[in-house]
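Both complexes shown next keep chain A, but they swap its partner, so chain B is in the first and chain C is in the second.
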Partner chain A sequence: MADKPHDTERTYPDGRPLAEQPQWIRDFPTDVSSDHGLARREFTKFLVLTSGAFVAGQCWIVGMSVFQGEEDFPEKWIANENDVPPGGVVEFRYPTDNDPCLLVRLRNRRLVAYGQKCSHLACAVIPQPDQDQLRCPCHNGYFEINEGRPIAGPPRRPLPLVKLVVRDGGIYATGVEHRTA
Partner chain B sequence: MKPKLTQAQKDTIVNSISILVGFLVILQLWLLTATMNAWMGRDSSVVWPAALASLGCLLFNLLLLRRLNFLAGDGA
Partner chain C sequence: MTTSGMEFFVEPSRCIGCHACEHACAECETHKGHSMIHLEYVDRSQSVQTFPMVCMHCDSPTCADVCPADAIKRSEDGRVMTARKPRCIACSNCVLACPFGVPKMMSEFDLMMKCDMCFDRTSTGRKPMCASVCPSQALFYGTREEVEELRKRSRIVNEFQFGEQTIRTKVVMVVPREAGVSRVDVTSAMHDPPKGRTIALNILNLNGVE
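Up next, the complex of A and B:
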């Protein structure tokens, strides 16, 4: 087989020219460098496609944030102040029935309330006031109980903080604060 | 007239472009996860800048891909 003009640019694994290659390579002369180049080009095309998918994801977040309305937080009675002893826990739902929350009276008698859905994958966290923590049993995530911040495991965001008001012996939820850190 | 690039030079450019595109895609992945984390914490202030930055990365990637295709088409 006669060498084509561009065959002089071809490279082979052993570095020898085409004329010195075995018969099977001379019959099917693959340019290794070009072949690698093609593979890299195809891989880069795939990366650019992935890049487009990430932009689509960002656009989805933009769309959701634009069309996300303001949340309404009505005042809701949770429990009587005297019914929650230190270390005691009351379960309630706020602001909707789909939002389970926990009211905890700490050992220093301070009242705190958090959304019960773990900030990792929304499993229900279990309060452990005696150990000053809340535990998510799904992936062993831990939140400290004073501020609801993650201290161990996969969760990165704190639990949603439910704002409380104590009035006339009753404990009321008045809002929810979602936090990033 | 510009001298034609050798195969070795083209290989170097193709490798560099591939690495740069890979780096930008990893940057976009970080942007997406950080934005999602902030948005789920009801912090919408980073949503638009992150989207624009990601779009900028995509446009630059497309530019690099065009250059890559130009090189493959015997471009110098």
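Up next, the complex of A and C:
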């Protein structure tokens, strides 16, 4: 309907056609067919509502992380303690099959486990226990191996920390901590 | 299109002042209770003559020209529509500017509303509310041929002089054939001296009175 041409174009008080009218008249045509369909008030309303939606979204994200209860993780056997020598690495999946993780025995015999997805863009990190670091090959990101914190490259957040329990010679995963800093 | 050839004719000399048009207009669902047509009294102390005032739907709508909010639009078939609700800022510029006194400021809605020649009715081929009830056919909706057949002693004028501006309108005036004017001067009455015993309020302009 709006694309239909006018039966009669409107005229102007000075009798000249639209093309010869001043810019401010050409900016605000009277005929429905040439109307821009966007007015200042509608645009302002759009801006206010959109930015309000962004604010609400941010509040929702904050609320989610504040009020999120402790998740219940199942306990899962990973390996026998004796099967992991210093510098040894065991791959496992925890808590689901879609979450690849790494168990590393450090050179000081401490056991650590991290989620394998790089905190940058979820590439699989490669453990390098001999250099005390984990490396992400996608964008050359590095994590130090004692805490899983980023030390170089694009990643800003630490790797997810898998909590471990050693009982009766077996190593068990008991939880995952997603850390933000 | 069902409305092709149909035009709105206003013949003030036939108006009997019954106000039926106002009540019929107020019946309309799109503006229930508010009449968009009004009756003017020509010279109430001298005459009972009234004339109905609908929107004339100017080719060069002054109401739209003075609208600072770009709210008044002219439809494809040349009707000047009620202000758009999201845009109208209720400034009343159009009310002051219209030479025919048509736009109405509805302060309860913060919206200018005006006669749109019953867009909902005429677009489906029906007569506007006021024309359907007018008992004297001062308001007539039909073809130009019908009017020429019915009104042998009349002719039609749709040019108006508004100050230095000439306005051509979609709604047509029917005037006596012998009337020696080619256009209706809207503002001339403002400068005419009062006739008879009329009390003149603008006493500075009494040039013609002894």
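Following the convention adopted for this analysis, the second predicted complex is superposed on the first by the 109 of 181 C-alpha atoms of A that agree within 3 Å, B and C clash if a C-alpha of one lies under 4 Å from a C-alpha of the other, contacts with A are read in each partner's own complex, and residues count from 1 in each chain.
What we mean here is this: a residue touches a chain if its C-beta (ideal position, glycine included) is under 8 Å from a C-beta of that chain, and two chains touch if they have at least 3 such contacts.
Predicted model, so just to flag it, every value in this text is computed and none were measured.
Chemist: Looking at the overlay, does A:R157 come into contact with chain B only (first), chain C only (second), both, or neither?
Modeler: Touch status of A:R157: first partner only.
Chemist: Examine A:R179 and indicate which partner it touches, taking first as chain B and second as chain C; both and neither are also allowed.
Modeler: A:R179 sits against chain B, while chain C stays out of touch.
Chemist: Does chain B (first) or chain C (second) touch A:E42, or do both, or does neither?
Modeler: second
Chemist: Examine A:I61 and indicate which partner it touches, taking first as chain B and second as chain C; both and neither are also allowed.
Modeler: Only chain B; A:I61 stays clear of chain C.
Chemist: Going by the contact rule set out at the top, does A:Y12 touch chain B (first), chain C (second), both, or neither?
Modeler: second
Chemist: Once the structures are superposed on A, label A:G52 by its partner contacts, choosing first (chain B), second (chain C), both or neither.
Modeler: first
Chemist: Check the residue A:N146 against both partner chains and state whether it touches chain B (first), chain C (second), both, or neither.
Modeler: A:N146: touches no partner chain.
Chemist: Examine A:F28 and indicate which partner it touches, taking first as chain B and second as chain C; both and neither are also allowed.
Modeler: Only chain C is touched by A:F28; chain B is not.
Chemist: Using the superposition on chain A described above, determine whether A:N80 touches chain B (first), chain C (second), both, or neither.
Modeler: neither
Chemist: Which parts of chain A are in contact with chain B and also with chain C?
Modeler: Of chain A, residues 11, 33, 40-41, 45 contact chain B in one complex and chain C in the other.
Chemist: What part of chain A is in contact with chain C in the complex they form?
Modeler: Touch residues, chain A against chain C: 1, 4-8, 10-13, 28, 30-33, 35, 39-42, 45.
Chemist: Could you please specify the touching residues of chain B with respect to chain A in the complex?
Modeler: Going through chain B, the ones touching chain A are 6-8, 10-11, 14-15, 17-18, 21-22, 24-25, 28-29, 31-32, 35-44, 47-48, 50-51, 54-55, 57-58, 61-62, 64-65, 68-69, 72.
Chemist: Show which residues of chain A lie in contact with chain B when the two form their complex.
Modeler: Residues of chain A touching chain B: 9, 11, 33-34, 36-38, 40-41, 43-45, 47-48, 50-52, 54-55, 57-59, 61-62, 64-65, 68, 119, 156-157, 178-181.
Chemist: Quick one: which bits of chain C touch chain A in the complex? Just the residue numbers, please.
Modeler: 59-62, 64-65, 69-78, 81, 84, 86-87, 165, 168
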